[in-house]
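Should a chain be cited, it is by its letter among A, B and C, assigned in written order, with residues numbered from 1 in that chain.
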Amino acid sequence: MIKGIKKWRLFSLLAALTVFLSGCGEEYISTLTPAGQVASDQLDLMYLSTGIMVLVIIVVMIVYILTIVKFRRSKVGENMMPKQVEGSHTLELIWTIIPIVLLLILTVPTVVVTYNLADVSGMDKKDEEGNATAVTVNVKANLYWWEFEYPDLGIVTAQELVVPTDEKVYFNLIAADVKHSFWIPAVGGKLDTNVENVNTFYLEFDKPSNELETGVFYGKCAELCGPSHALMDFKVKSLERTEFNEWVTNMKDSAEAQAPQGDLALQGQEIFATSCIACHAISGEGSTGGVGPNLATFGDRNRVAGYMDYTEDNIKKWINDPEEYKPGNLMPQPEDLNDGKKYTEQELSALAEYLMGLSVEK
Amino acid sequence: MSLIAEKKSFGAVLWDYLTTVDHKKIAILYLIAGGIFFIIGGIEAMLIRIQLAVPDNDFVAAGLYNQILTMHGTTMIFLAAMPLLFAFMNAVVPLQIGARDVAFPFLNSLGFWMFFFGGIFLNLSWFMGGAPDAGWTSYASLSIASPGHGIDFYALGLQISGGGTLIAGINFLVTIINMRAPGMTYMRMPLFTWSTFVASALVLFAFPPLTVGLFLMIFDRMFSGNFFNHLLGGNTIIWEHLFWIFGHPEVYILALPAFGIFSEIIPTFARKRLFGYSAMVFATVLIGFLGFMVWAHHMFTTGMGATANAIFAVATMAIAVPTGVKIFNWLLTMWGGNVKFTTPMLYALGFIPSFVAGGVTGVMQASAPLDYQLHDTYFIVAHFHYVIIGGVVFGLLAGLHFYWPLMFNTMLNETLGKITFWLFFIGFHATFFIQHFLGLLGMPRRVFTYGADQGWDLFNLISSYGAIFMAVAVVVLVANIIMTIAKNQPVGRDPWEDGRTLEWAIPQPVPFYNFKQTPLVRGLDTYWIEKQEGNKEGMTYAEPVMDIHMPNNSIIPFIMAFGLFVGAFGALFNGEKAWAVPVLILGLLITFISMGARSLKDDLGYHIHKEDLLNDKGGKH
Amino acid sequence: MDLNSKYTPQSWPEHPEQATLEGKNKFVGFWLFLGGETVLFASLFATYLALKNKGPSGMEFTTQGLFELPLVFIMTMLLLTSSLTSVYAMYHMRNYNFKAMQAWLMITVLLGAAFLGFEIYEFNHYVHLGFTYDQSAFSTAFFTLVGTHGLHVLIGLGWIILLMIRNAKRGLNLYNAPKYYVASLYWHFIDVVWVFIFTVVYLMGALE
């Protein structure tokens, strides 16, 4: 089936050309630079449908331009009285049947791919020891942040999804508050995170993300979910299977490994323990249900708050005024935690130092 | 009574329009109100494009942006596009079928005033704590969680104006079924009447699901219901289904009448009868029917499962076939014709490639797995603007120029009209073509801003520049309208010279009773037939001059709609203000008492006597 | 149209509701309106079926435990009979027998009012059990569906009573005949909807 589609690629050269002329966008976020089987299946469908549709447009435009050129009043004369033609059954049959045929060509791969992409039977496969063979991630979308739980591995993280490459990764999606939609454009189409039911699908990541300019794939919330919908980004790190296993091991040990280094970090830990720990866990071992994002991998993050550049300055800004940077988010303002005061510059430096030390990769 | 129009004071004119039941005046009311809402929606669109012109912009704050985008969509669909189409339906359909008025003149007025008060109510949200902010689709989990009263304004406002739309729909259906002149068989009806007929049927069957959906939302938000509260067993997907069972036919409610307008314009200015009339009628009906079978293609990513997605994907693609038939029939109407490039015709010619582009991207999205990528991105934004602007707004602007002389006995300036067209056409493609690629490059829709590192900067800037062209085009159009009204140069009957259908045969200005004698329709393109046979009258008559029965004007529709408007404030503040329930009851009482007053009084209308008709020229020939 | 022209049962048209253009318009328009109403109730039924028995975890209310068929059966009989009596009324309208028509309509109204009385009793009973409107998605959907029907009954009653009062002195003519006719159409429609409610909500709920 896929081979059939490849033939159609020739026909869609023109469409593809238009796209290439304008560039394919950034490879960490564009649907035109697929980094996995799902996205490339979908891109193939796009080439096929674009090809068919460009064909239709060309035919229409030829008739259209000929008509305008040949039958304009300035050419045929002011008083020319056209023959009042009723219609033509032959012609009408032709332009009914040909579109049907064209659509049938599109229908077959559409239906096949629809079923293929919905196949999540691999999720329940177990090896001899009863361990799941595939990685399954439970995604919980919250107002402007994402939680990723690995139920079979006993670990949980937030904001930055870590997955192994070259195998199917399965996802269970749900929303904690309002409906969101889980989308990694370069890797595959989106699926909504509903509030009342779990949606399931799979993605495949062909490319380790460290080959990308940004080091991560960009993930998006694709369903309007409130004021900061546009800022509800997440990032994806895809690792070779061995590296991924290593990451999992580190995550499990992260509770002990997170000892702060230096006085500043120690002071930060103290503040954290009085103000932040009620919502934020710092151990990667555990399960879903955090009030706020799990911070075990904070030091490895690509972004602050999902979208700001990862700098100490931005961490401070974010902590001291979350409402300013993500309107409508649920993180308390520092005044609510710190006796009605903002944190001092010194306290912020301490917190940032501590948080940037929380790492499982270093 | 005198039939000659006298100079009236402003108060008298205002009272006349508040109480009118004349379809021609209600058409003007729809045109004015729809036009104003169109401009409001356009300003909202400009704010959106300014905000998105550059990355990380802070021209509009995050929450406010969501209100603007919600109101832009809601206003354009419910308060601009649909009422403007109703304006043309009211102005043209009774004349096209040889009727003296619509079937229910009183309800016609009620329908308008309900739309009007609903629209005002919705827009008052701006001044009363914030507009709705959950998108025009107002998906349940977000809209239930939305703080403030924005969503309440949305649900109540649309409920009222939706009721008006439903009334209008039934009215047109009955008018077309019962009031056609002798000889006007179904298969001789002009295409605009046909498309009005099918669109009205869609209104009749599509609006009740919206009504129910809005009621569920009203009950949940204002009367402690639990339809969408999943903690108490509710389900938000119900809203999605109800909304789209309405929402998809809504697209055809807008598009079909626009097709109808083009099907009138193209034969007129190609001086050639519509190619494949029966196929066009059949395609219109088929599109209307299929429009109800495909709603779930808006929900491919909701998680309905592969089978449902596959079925709806295939059903959706099927709609492309009758639509394609229409496109080719329009082209073949022009083929061999004598094409004159008037402003309405320019819009028709601009429409064909634009709508084809919108249609083919629709087919691409029908392919469910591909839609997983395209859904909720700027690709979709581009697609539906191609359909709604390239199809519907072009149709409205074409209809505005085409029917202006019919409605006002004067002609919009053609030069300014063509300038408007080119500015609008270029601006439209510049704004929206590029947005397809923004979607493919990963830009989700409904984002109030975007980061600079994602490769979307240039395309967004181009898109915003395009929007400026469209805005300038609208300014030129408004100037044109004002100048035309100021000049007020009468043009008389058949100003386009090649009018084919009955409405162009009526003397101008159109007498308030429309036809002195009911015409006899002898074939498709009645007026054309009469002209070809050298009939100076333009019509063959089916009856001698007789007394004409006319309905009385009434202020009751206005009061009934006003009562609902008042009651809506009561519902809105239910549980919050002590006066809420009394106001709700008061509003409903106003409505029901005026309704009762209407029922208790015999309102038989009046007659224009034969002698008066014979003395009166009823406009110039 | 002349209201003063007097008819005899002989000169009275066979289809008085469609004898004038206004009548014809009302007739067609009302049928179309009922088409829209059908979709409205279909949407409510679909919503109800989706939310049937759905509530907070551990909810004690179910269709089996809640509904009492004997009461609902009596209500059904009342409404079905009222539909029949409205047919009699229309029969007399066609025969230009105003008094008999009004009398049968009166009986229709009484039956309808009795139905409504039972419905209010039923709702009241549920609320006392704790099955209030905001108790669960199930209760909200149930009260909305059945209550919307009840509201239709109430409107139908008001409508027929208003018609009877306003025309008591005027008698039958071609102006009000279509009004009577569409009111009776509306009443039949309400009855048909109830048959579906009885089947889908009560029978299928209590017996499954």
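We take it that a residue touches a chain if its C-beta (ideal position, glycine included) is under 8 Å from a C-beta of that chain, and two chains touch if they have at least 3 such contacts.
Fair warning: this is a prediction, and the values are worked out from it, not measured in the lab.
Trainee: Find the chain most remote from chain A, comparing centres computed as mean CA coordinates.
Mentor: Of all the other chains, the one whose centre lies farthest from chain A is C.
Trainee: Grab the C-alpha centre of each chain and report whichever is closest to the global C-alpha centre.
Mentor: B
Trainee: So, what's the distance in Å between the C-alpha centres of chain B and chain A?
Mentor: Comparing mean C-alpha positions, chain B is 37 Å from chain A.
Trainee: Taking each chain's centre as the mean position of its Cα atoms, how many Å separate chain A from chain C?
Mentor: Taking the mean C-alpha position of each chain, the two centres sit 52 Å apart.
Trainee: Rounded to a whole Å, what is the gap between the Cα centroids of chain B and chain C?
Mentor: So the centroids are 34 Å from each other.
Trainee: Do you know which chain B residues sit against two or more other chains?
Mentor: Answer for chain B, listing residues that touch two or more other chains: 234-235.
Trainee: Quick check: in the complex, which residue numbers of chain A touch chain B?
Mentor: Contact set of chain A toward chain B: 19, 22-26, 29-32, 39, 41-43, 45-46, 49-50, 52-53, 56-57, 60-61, 63-64, 66-68, 71-73, 76-77, 80-88, 91-92, 95-96, 99-100, 103, 106-107, 110-111, 113-115, 117-118, 175, 177-179, 181, 183, 185-186, 188-192, 194-197, 199-200, 214, 218, 220-231, 307, 327-328.
Trainee: Touching chain A in the complex: which residues of chain B?
Mentor: 61-63, 65-66, 133-135, 139-142, 145, 230, 234-237, 270-273, 275-279, 301-303, 305-306, 309-310, 313-314, 317-318, 320-321, 324-325, 327-329, 331-332, 334-341, 349, 352-353, 356-357, 360-361, 363-364, 366-373, 375-377, 437, 440-442, 444-451, 453-456, 459
Trainee: Quick one: which bits of chain B touch chain C in the complex? Just the residue numbers, please.
Mentor: 103-104, 166, 170-171, 173-174, 177-179, 204-205, 207-209, 211-213, 215-216, 219-220, 223-227, 229, 231-235, 238, 241-242, 245, 549, 596, 599-600, 602, 604
Trainee: Enumerate the contact residues on chain C facing chain B in the complex.
Mentor: 1, 3, 21, 24-25, 28-29, 32-33, 35-37, 39-40, 43-44, 46-47, 50-51, 54-56, 59, 133-141, 144, 162-163, 166, 175
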